[in-house]
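These are the structures in question, set out in turn.
Each of the next two complexes has subunit A plus one more chain, namely subunit B in the first and subunit C in the second.
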Partner chain A sequence: MSSLRLLMKLAWRNVWRNRRRSLITIASVAFSAAILVFTEALLVGSHEQMVLQVLDTHGVGQLQIHARGYQDDPTIFRSFVPSAKLLRFLKGDRELRGFAPRVQGEGLAEVGQESKGVMVVGIDPELEQGVTPLAAEIVTGDYLEPNDLQGALVGERLLKSLKAKIGASLALVTQTRRGTLGAARFQIRGIFRTGVPALDENLIYLNIKSTQRLFAFGDRVTMLILKLRDPTLAKLNHLKRALLAQVNPQKLEVLTWPEFMPELVQFLRFDSASGYVFLLILLLVIAFGVLNTILMAVLERTREFGVLLSLGTQPRRIFGMILLEALLISLIGATAGALLGSGVSAYVVQHPINLSGSSMESFESWGIKPLFYAKLSWGIAVYPALIVLGLGVLIALWPALRAARIEPVEALHTR
Partner chain B sequence: MDIKLAWRNVWRNRRRSVIIISAIAIGLAGVVVYEALTVGMTTQMVENIVGTSLGDIEIHHRGFQESKTLELAIDNPEQVLRLVRGTEHVSAAAPRVRAQGLVSSARASAGVQILGVDPTAEAAVSTIAHSLVRGRFLAAADEYAIYLGEALAKKLKVGLGRKVVLMAKGLAPGMASNAFRVVGTFQTASPNFDKMTVYIPLAAAQSLLSLDGKISEIAVRIDRQRSLEQVAATLRTKLAPNEYEVLTWKELVPNLVQMTQLWEEWVYLFAFVIYIAMVFGVTNTMLMVISERTRELGIMLALGTRPLRIFRMILIESALMGLVSVALGSAASFGVVWWLSLQGLDLGWFVRGLSFLGLSRIIYPVLTPSILLISGLSALVATVLAAIWPAWRAVRLEPVEAIRDA
Partner chain C sequence: MSLIRTEGLEKIYRLDHVEVPALRGVDLTIEGEEFLAIAGPSGSGKTTLLNLIGGLDRPTAGQVFLEEQEITRLNKSRLAELRLRKIGFVFQAYNLLPVLTALENVEYVMLLQGIAAGERRQRALAILGEVGLAEYANRFPNLMSGGQQQRVAVARAIVAQPKLVLADEPTANLDSTASSELLDLMRQLNRDHGVTFVFSTHDPLVMERAERLVRLRDGKVFGDE
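Here is the complex of A and B:
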């Protein structure tokens, strides 16, 4: 115990023998730890926000219940009647912020001389508000009244390509569930803008009842979409399991957002991967710099180690001391870096970085605001620092081994 | 003389110099490969969109881009095509009809974008004929044939030789429809495009939509990207501006331009952070150099060497290490890029696909001279900047104390 304390004391003194060099080494370790923490905080925070925003703007909820097979083959031929038992369960679930039924299928929209293939989405105007921000996305006109069976909400771009205006009459031609042709006239009540071109030029929202008539659906729906109060993956999966116990899994499928929007998961993974590759390059550069300082510090002390060895100090103690020195330097650096990185991250948690006006705005076409969010947790602050700490000690292995292998006699001859 | 001296000094402590040179070289190679992959990705994204459904340049009737209406059609396609094909740097041009419609099979229907194309000319401007999955691309002799996305065919549950009905609103009043026989299916890098696009012969599209020989657009490919603006400008002078609009892909898909710009900005930020890390390493190394040579520097100063010369020599020493690093780093990045370009970087290692970005799974790096030049220069500047403080410290040594110190 006392020998460890002695070793500790020695290592500590050695670190401060060349103060400037140690400080710069500490600074570069701290720099890398801070960048690591901050990058991780940005990745995690931005990804979380990105997911919520993309799910919101795309109006798809966080969890969906479909007829079995709909995810792989999304046609009007896969629909279901939500059982009273299921609806009761959903109404009673306190974790839910809301749920809403959807009927959707493809059709051709016509206004005057213009026509365009569209996606027709039938919504319950009241329930929809608990799940998607559609009502807030109306830029002109009004949101659908609950009993308005004639009204239609049209995307901004679609309106333009149909050369239509608010109040215009819109004809929809669709294929019904029975394979026959369905057609009906509606009136454009409101115009919405999500910012996502694919949605704004393709979607038409109608009352679910008129949509059911258009597709000859009866009481059937295409899906139920659900939104949670606290949408963590753990809670989503928990709810999914609870739902699977409520429904017949032979007939229905319950999907969480990573399952119904796999491309979003792929993008997040790709984004993380490119972030980690960058951090790896950074760590390599820093590692070589730190290796240099520690190795030089050891070589400078060849004579000192020679003396120690000839006085009978065991080589492994010298090995241990150098590792301890590296550990001290990395510990101070990693701690300072983690604190700095967390500090900056904490600021960004409160004040997301606003990048509007830059090319970040291209993200708006995916339904993502040009804002950079951060997230801070113990894991985000501590793990990167631990990686840097481990790396620091790892780097010191070579110099420490060299010092332990010094030939005492030769070492004493060096200047 | 100074350079020779500095060069010798670099190699006085070989191990140390090798380590710091490796650090800079690795950082530089990392940055260059990272940038090359990013440029490779953006290039592929652009090529996948431009080469499939657009063209480097598109010519429409004035106002078509804004309204996309069939009424704004080019009514003298032959004349315009001749003019375009005779323009310098234009490698191919093809007429297209672009309209919206509904395609139905007995099992399902889907809203689609209808592209009426001249099969021979289209094959010269786009890669769509090569994206074949089953059957064949349209042929010049086809009348009511349809070439559609594999994903769309699956959704409609139709196979080769089966019939589908296309319904669309043409220039004539009322809905027009006709049956088309499936001759082939395609798959591009974009699943969305595959799900909502059908190709039919130009003549069939013109008759379905009552276009009477008119077309919506002319897609133009050019032989080199750097002539893009120049070719567009030439075409603009050749074609009456009150009748035609000439748009480059950058104007057709501004989002894509923003996206590629965003990625490149990110890479610059990454590179900047890496260079800062380099500065830390070099500063520390040079400080060690100074402290090791305190006595020597003291003697030089005492013998009357001008401080400026010592300052300069230390910067030169750092710059020489930088130069060696840049040479090694560039060589390393060449090697890695060459190796990656043989088979491409398979992103399947960590993602199943990036098709939603319009990217294939395999990325090929694109190394441009400007990437190499800018990154190399930045690394060199970083190493020299990093030596300023140590050099300044060396100059500030008190000769007498410095000599005694060692």
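Here is the complex of A and C:
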């Protein structure tokens, strides 16, 4: 038996000499580790779901190809003709669930006496279905038929402010990319509701061919939007690199969703930060409790340290012994907590928590269902537990230092 | 060469601006293999003197020499090393580590010294035999009587073959039979192992058993027989 094993044995038995107190400490460590793991699982899981939902309801795809500069200056003056080579590449990519062209520009909509500034979006009705859930968002009337060049889909709120009805005639006036005036009449075929107010009161969907005419685009498009089968960031970035090899980067830009929706990234960061603040407070409270028990355990053994010192034990060995005791307690607690937290998370992965009806407006304004999803991975289970473990040992530094600094005479004097 | 020599040893405790002189100039020489009792009334400075000799505390003035090496200026770590190699301690009570068995308590010091497992176990068992506790080897201290615990403490103090064992009122918590037995044991070990024993007491029966008796009063030596 080496002296390390002796230290281990001493520490182990010391942990269990006050079984009740140690168990309470271990339980609180386990509790905090479990909360940490579970919260992290919820944050990551919910954010992943949230992103996919937001991208869907906003109908923006997960990856976009624009004319260079469009992201910073989104006007009709930046457009491009997708090359046959690019379209072939997109059709052949097995990772893609779908891709769809878009023509987008501002216009003025008139129905009877009412008029309103709108965003006109031209879509390919068939390809669009592979990328956005627009067809499923129609609440009244019908989705656009592929060859219907007269039809228009209008947002629910926009319909109201135009005081229009389904079937009504709608005039659109635009500025073309040549600077001339564009105008055409359409018929309202369907009404959609995405749940995002800004979209439902501003968007009008037309067939892409009509829209190209309206803006004098010819075969040009504003963007291509793409959707992956397995939309992880790694896969998105991989596809982005592959696309950049296909196109002329001087003319086109390829953006993943964090790039074309930076405000969503901000929102997620803010949401994580508030979650982490809560966890930090929890950790501090628990840390204080653990500090208290370890300190008590040290103080009530003062005389024993006196005996150890008189036998010739080096103070640093006493320091090590206390740290080891804290490590044991934290290790048991963190392991139990990681298991517990992962278990609960695994359940929620299967059964998302439904929070509809509570104060979730901030989520609903993004068009997100108030469901809480969880995600579990090795990292999510292990890193929070490691943090708790590290914290447990860190906390013990001070009591351990106190124990190591005890004067033998004073220690022997106690009790 | 003397084993222990103190020169003008003084210790003053300071308690909230009140100075309590515990030792006021002790000159004492102890030779190897002595069996020496330090006697004196309560508060006369017995514990203080033993602590200074054992390097557990530092004097206010004066020096302690162990085998002519001055120990009063060594740092904590060197003092611990010195105690480990050369000095064994027995206190009045609560000597043993409660989480270790009798055998492990005895082995502990040898572990610190880095003695190999086989030899350690063998020597620990042998010394437990010598103090008459062979069959208590695997007991924890709380299941042993006060006298048995003190015997284990003596076994632990001696097992690492120190030059000197310092025992501060080792019999104070024992009845007269157990006291007598412990003294017999210490005397036996003193003879068999040639280890110097210095113990404090205010029990006249214990003083009688000493080979040499140093009397303290008010922090000064006032008798040496």
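Criterion: the second predicted complex is superposed on the first by the 411 of 415 C-alpha atoms of A that agree within 3 Å, B and C clash if a C-alpha of one lies under 4 Å from a C-alpha of the other, contacts with A are read in each partner's own complex, and residues count from 1 in each chain.
Just so it is clear, a contact is a pair of C-beta atoms (placed from the backbone, for glycine too) under 8 Å apart; a residue touches a chain by one contact, two chains touch by 3 or more.
Small disclaimer: the values here were computed from a predicted structure and weren't measured.
Novice: Considering only the touch criterion stated at the top, classify A:T174 as touching first (subunit B), second (subunit C), both, or neither.
Specialist: first
Novice: Which partner does A:A183 contact after superposing on A: first (subunit B), second (subunit C), both, neither?
Specialist: neither
Novice: Would you sort A:N18 into first (subunit B), second (subunit C), both or neither based on which partner it touches?
Specialist: Touch status of A:N18: first partner only.
Novice: So, does A:L308 touch the first partner subunit B, the second partner subunit C, both, or neither?
Specialist: A:L308: touches subunit C, not subunit B.
Novice: If we overlay the two complexes on their shared chain A, which of subunit B and subunit C does A:L386 touch? Say first, second, both or neither.
Specialist: Neither partner.
Novice: Is A:A136 touching the first partner subunit B, the second partner subunit C, both, or neither of them?
Specialist: neither
Novice: With both structures placed on chain A, which of the two partners, subunit B or subunit C, ends up touching more residues of subunit A?
Specialist: B
Novice: Can A:I281 be said to touch subunit B (first), subunit C (second), both, or neither?
Specialist: A:I281: touches subunit B, not subunit C.
Novice: After the superposition on A, what does A:V81 contact: first (subunit B), second (subunit C), both or neither?
Specialist: Neither: A:V81 stays clear of subunit B and subunit C.
Novice: In the superposed arrangement, what residues of subunit A touch both subunit B and subunit C?
Specialist: Touching subunit B in the first complex and subunit C in the second, no residue of subunit A appears in both lists.
Novice: Would you mind writing out the residues of subunit C in touch with subunit A in their complex?
Specialist: 51, 54, 56-57, 76-77, 80-85, 87, 89, 91, 94-100, 108-109, 111-112, 114, 117, 156
Novice: Which stretch or stretches of subunit A touch subunit C in the complex?
Specialist: On the subunit A side, the touching residues are 1, 3, 6, 10, 13-14, 17, 303-304, 307-316, 407-409, 412, 415.
Novice: Where on subunit A is subunit B touching in the complex?
Specialist: Spelled out, the residues of subunit A in touch with subunit B are 18, 20-21, 24-25, 27-28, 31-32, 35, 73, 75-77, 106-108, 110, 113-119, 160-161, 163, 173-175, 179, 197-198, 202, 262-263, 266-267, 269-270, 273, 277-278, 281-282, 284-289, 291-293, 295-296, 299-300, 358-363, 365.
Novice: Provide the residue numbers of subunit B that touch subunit A in the complex, in ascending order.
Specialist: For this pair, the touching residues of subunit B are 13, 15-16, 19-20, 22-24, 26-27, 30-31, 34, 67-69, 71, 100-102, 104, 106-113, 155, 167-169, 173, 175, 192, 196, 255, 258-259, 261-262, 265, 270, 273-274, 276-278, 280-285, 287-288, 291-292, 347, 350-357.
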